[in-house]
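What follows is chain A paired twice: with chain B in the first complex and chain C in the second.
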Partner chain A sequence: MVVDTSKRPRPKGGGAVAFQSIFWRLPWLRPILLLTPPLAWFVAVYFASLVLLLVTAFWTTNTFTTQIVQVWNTNNFQRILDEPIYHTIIGRTLTMAAAVTVTDAVLAFPFAYFMARIASRRVQTLLFAAVLLPLWASYLARLYAWILILNHNGLLNWSLQSIGLPPANIGYTNIAMWIVFSYIWLPFMIIPTYAALERVPESLLEAAADLGARRWRTLVDVVLPLALPGVVAGSIFTFALTLGDFITPILIGGAGSSLLGNVVFDNVGIASNIPFAAALAMVPVAIMAIYLLIAQRLGAFEAL
Partner chain B sequence: MTAGEQPKKPALRLQGVKKSYGPVVAAAGIDLVVEEGEFFTLLGPSGSGKTTLLRLIAGFERPDAGTIELGGRDVTALPPYMRQTNTVFQDYALFPHMSVGQNIGYGLRIRHVPGPERRKRIDRALAMVRLTELENRRPNQLSGGQRQRVALARAVINEPQVLLLDEPLGALDLKLRQEMQIELKQIQKEVGITFVYVTHDQEEALTMSDRLAVMTNGQIEQIGSPVDVYERPASEFVAGFIGISNVLLRDGVRFVVRPEKIRMLAEGEPAPSGTTVEAGQVEEVIYVGMSTRYVVRLDRGEQLVAVRQNMDAIGDAQKFEGRPVRLAWTPDNTFVLDKREVGSP
Partner chain C sequence: MKMRLFCGLAVFAVTLTACGGNANPTATTQQQPPTATMKPLDKIDPAAAKSEGQLNLIAWEGYVDDSWVKTFTANTGCQVHAQYAGSSDQMVSLMANGGGGQWDMVSASGDADLRLIYSGDVRPMNEKLIPDYQYFQTYFKNPGYNTISGIHYGISLQWGPNVLLYNTKKFKIAPTSWSAVYDPANKGLVTAYDYPITIADAALYLSKSQPKLGIKDPYELTKAQFDATVQLLTQQRQLINKYWPDASTEISMFQNGDAQIGAAWPYQTIQLLAASAPVADTIPSEGVTGWGDTWMLATKAPHPNCAYLWTAYVSTPHVQALQALFFGETPVNTKACGEMEAQSAGSCRQYHANETDASYFNTIKFWKTPITTCDDGSQNCIPYDQWVSAWTTIKG
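== the complex of A and B ==
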């Protein structure tokens, strides 16, 4: 161009404007820039390790040297299907995860209901702190606290004896594990349930009462169905966390308390059979995949 | 009612109903009787206590004092689910997880109305609000006007003693609102249920009501027919809230002239006999389509609004601006607010 631009004032921050206009002209550029780092991280670390896990599950080990032998086979999965001990462990793990989830749902609902619909702002804040505070304490510290409560000379038996009752002796049993799991994962159930309950408009409860429904009926017909996605969302946490945990079975459980998590852990460490551990670890992954599909059908992801 | 006939029990009677929220008085001793089959409106600005009164009748709030009777039965202490009232909520409060049909049939299901009977009544209710085709839709698949009709059908189907409506048309646009006003009134005539209707829209109240109560500060200022309330308002508040009102003080009498009752005289036009004439100057001309509003400053100081129907196409309304005019009105068309000592403001 032959126009003399030297006399024209340059637009202020010309470079920045030019840079901004790139985003305006190419609207897909911004999401790509935003998503690339987390996605790269996700693919490289998380997804890759999952794929590696799956691949490893189809390898085997040398029995004498415990070296991994990269020979493709399905023996690991065959072993899980054939040996009754693994059926027992999978069954126990599923039962435990289900029991903990149901227990937490039952405990969390009235608590979350009180927080969301009855408590004053101040009480609500206090309860929030009470729910979240344990999460700041170390997981191990809380487990040891429970050992102190539940073991034979622990707080529970001491309390029972001092009021003249026989000792409970539930230390190092599945019951102990159930109690501890339910305690540890409870906040993960309370928060989404609370969120769902808080979103139910007051006028819907009034409408139900107006149409003749008593409190109980309103709860069953209106509150529960609308809060269900929140409960299901919470159950994803409680179920998955129980399914994969290996520390609680080791520290709180006793003989006959093996869950999938600590059996995988034992196979990695003591048995040094990483391919079999990988195959076993695929079991909770598969279970959770099915669980998430069901949860999605129930609308749990809209409640998160 | 002929002599000797048993006096019918009113559909609704409130006696000395009081309700306060801390220092805020929402109902300051309300007495009110609504007759069977009446379309009764509670009209007032926001914060006047009209919605609280409705909620007290429905049972969502408990009064601090006073009694509430439905059909002669004291229900003051009864919870909402034991009262023969149904409410159309301002936000409709439709159950989002139920279909239109389930929403409408919910009240019948709760009261264990047998299946075939329920089916019949749901069909009738759906037909009444013209939603038969949409029975299986969810509320979030409906337009605002359709949701409004579902809310109405869900309440009417239970044949309540009194139907309570809390600004039910507030969320609709003007055109739809006017259509629904007519439809609501027709449905009310058809089913013969007593309606207690809350609104802040004075035009809506005048159009639809058999009688209305004008409320402010938790009190009822006036109860009467639309004509009563408009033509003979009991207080300056009522006069000001319903329509534009011009308050004048002449010879110690404070009175109101409605804008449409004022006649603007043409230059040199003699005043009709029996009219009061005052001179002033046009300050502003506002063209509102159907009519034109003239804001006039009287020579004696007050500002008046006069309205003229635009009977003929006018392109010259603006030419009045700044001109002197004479305004005439018949004393019969004014109403006195109060008399004061001459000379006092």
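== the complex of A and C ==
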């Protein structure tokens, strides 16, 4: 509807009021003006790059000059389906992401529970600082610290041997990778779990006690279900971050530690085969889409 | 010289492949790289270099060291920024689109050069602007990997071998054969370069240990030869805890006991010896693979005058000797021999920097890009993209 403002008497107070009256008359205008810039940015940056990735995955490269040849085909996806090595690597990546997520959930829950429900205000603040402290140090510095701990002549083997135990020799293995991933992503699990636990109303726990539930019963039937969305929200971080990482496998992993991120990196950085890398990169995108769908069903987005 | 003929053939073959798909194969040999007609600079303008003020280099670790960069910056006013690349292929991808208007030069090895030239990412250079060019070893004035139809797509820099590095405490007697890195007795001690060109190292070993396979050139493998090589490397994978992705990682692995034997660049040996690690390196009886490096100028280089000044500077005997001793490689400038002796007595002979020593030169199989066309013109050889996917499979 076109509103003819010229025939109406001009409101007193000048242009600013006239400007506001437009918003009053057209209530949908304000949200549109507010949302357009972030929405445009979102579409341009997130959506367009994903579409570009998908489109590139259907192209191929000149194997000699490594320049992209824009001929449509599904060879890249066929290769991922056909060659057993890519099944192995996808399987290894999923297993690693799942193992890290479960480890972090198990470690984070008692910690977050203590922080949210038992610790005094003062201790709570201290624990918060302790959880966040490692995030202030560079990611690479923490990886190199772990190499020093885990390598052949490292702190771990030295400690084991000095108390008369055989050396563990887990440097440059998948076990080393699992430990380091679990360490690095732990804060991302603790914080959402803590947030969820803190929101469990005290009255529910009292009601459970009044109805005769013991501590374990209350924990399993009241606290856990209410905290689950927080744990699932944390798992989105730990799972997605492990799924996409390629630096930890290069530095901490050994032979046979390649994850999807490494194969993508090798195909861009070493082989310059960007279309194949794009096809491979669609695999974690698909896995995360499924994962987020399940997480949404479990109510994770309410805990974020 | 046998080597030169061989490289000429390789260039011929590459030209064929690069123009694959053309209906008339005889015409394609005439095809020149996309930048062949670009006119190089005919003189360096030091004033222009001052106003450029910058030089952005893609280089191997150890190629742009403060010990010779500082003097260059002080003399020319060109501030040097270096990005270290871990592999030839990383160099090729960084140089995409003529260096993207960001990069000026790349210190590419022979296995990257032809790819850079034929994708038009590098441009011809004027060798007359490099005063020391006249003193270069004859082969490195026009090597097939950087010179096509007399046009120089870069100026040769240094060359050297990929050696066998070992811990002298573990291996009291120097290994004489590459068989040491394939021997199950050394399980857990072995390492190898995490890069598809490592396949050539294994092929070189098989060319001597299994002559029946008939491997003549480790970069030109038929299906049967390639499969046998991949099989050897798949067995070797059981002996390896970690492949080294870059020089510093291999250095730390040897220092910490995570590796005791494996292929390396002389750079690692020198760094380890400087840190008093018990290591030595050797050239096994089967010979070695090696590299010949070239400073190449990006097609869209934003600071060409600084780039030429840099190339001229690193070609001078003094800097050639500095870099040779720093990295452990051989300078192309024959005048560098005296400088090397002055900086470290006996080093000229150690690195075979005197031109006449062709027997050493001939033991090195220089890196080049594997392509479908074999040396004899047949189309049976395994091209590089299959090396890359085989390498993913070998590593597991």
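By definition in this document, the second predicted complex is superposed on the first by the 291 of 304 C-alpha atoms of A that agree within 3 Å, B and C clash if a C-alpha of one lies under 4 Å from a C-alpha of the other, contacts with A are read in each partner's own complex, and residues count from 1 in each chain.
To be clear about the criterion, contacts are C-beta pairs under 8 Å (C-beta built on N, C-alpha and C of every residue); 3 or more make two chains touch, one makes a residue touch a chain.
The structure presented is a predicted model; accordingly, all values stated were derived computationally and were not measured.
Bringing the complexes onto one copy of chain A puts chain B beside chain C with no clash. In the superposition on chain A, contact of A:70 is made with neither chain B nor chain C. Judged by the touch definition given at the top, the superposed model places A:266 against chain C, while chain B stays out of reach. More residues of chain A are touched by C (comparison of chain B with chain C).
By the touch criterion stated above, A:125 is placed in contact with neither chain B nor chain C.
With both structures placed on the common chain, the touch criterion links A:256 to chain C but leaves chain B unconnected. The superposed three-chain arrangement places the nearest Cα atoms of chain B and chain C 46 Å from each other. Taken together, the two complexes place no residue of chain A in contact with both chain B and chain C.
Listing the residues of chain C that touch chain A in their complex gives 14, 17-18, 20, 86-87, 89-90, 92-93, 96, 115, 118-119, 195-196, 237, 240-243, 245, 249, 252-253, 256-258, 369, 371, 383-385, 388-389, 392-393, 395-396.
On the side of chain A, the complex with chain C involves touching residues 61, 63-67, 79, 83, 85, 88, 147, 151-154, 171-173, 250-251, 253-256, 258, 263, 266-273.
Here chain A touches chain B in the complex through residues 201, 203-204, 206-214, 217, 221-222, 225-226, going by the rule given at the top. For chain B in complex with chain A, the residues that touch the partner chain are 58-60, 79-81, 85-87, 89, 91, 93-97, 106-107, 110-111, 154-155, 158.
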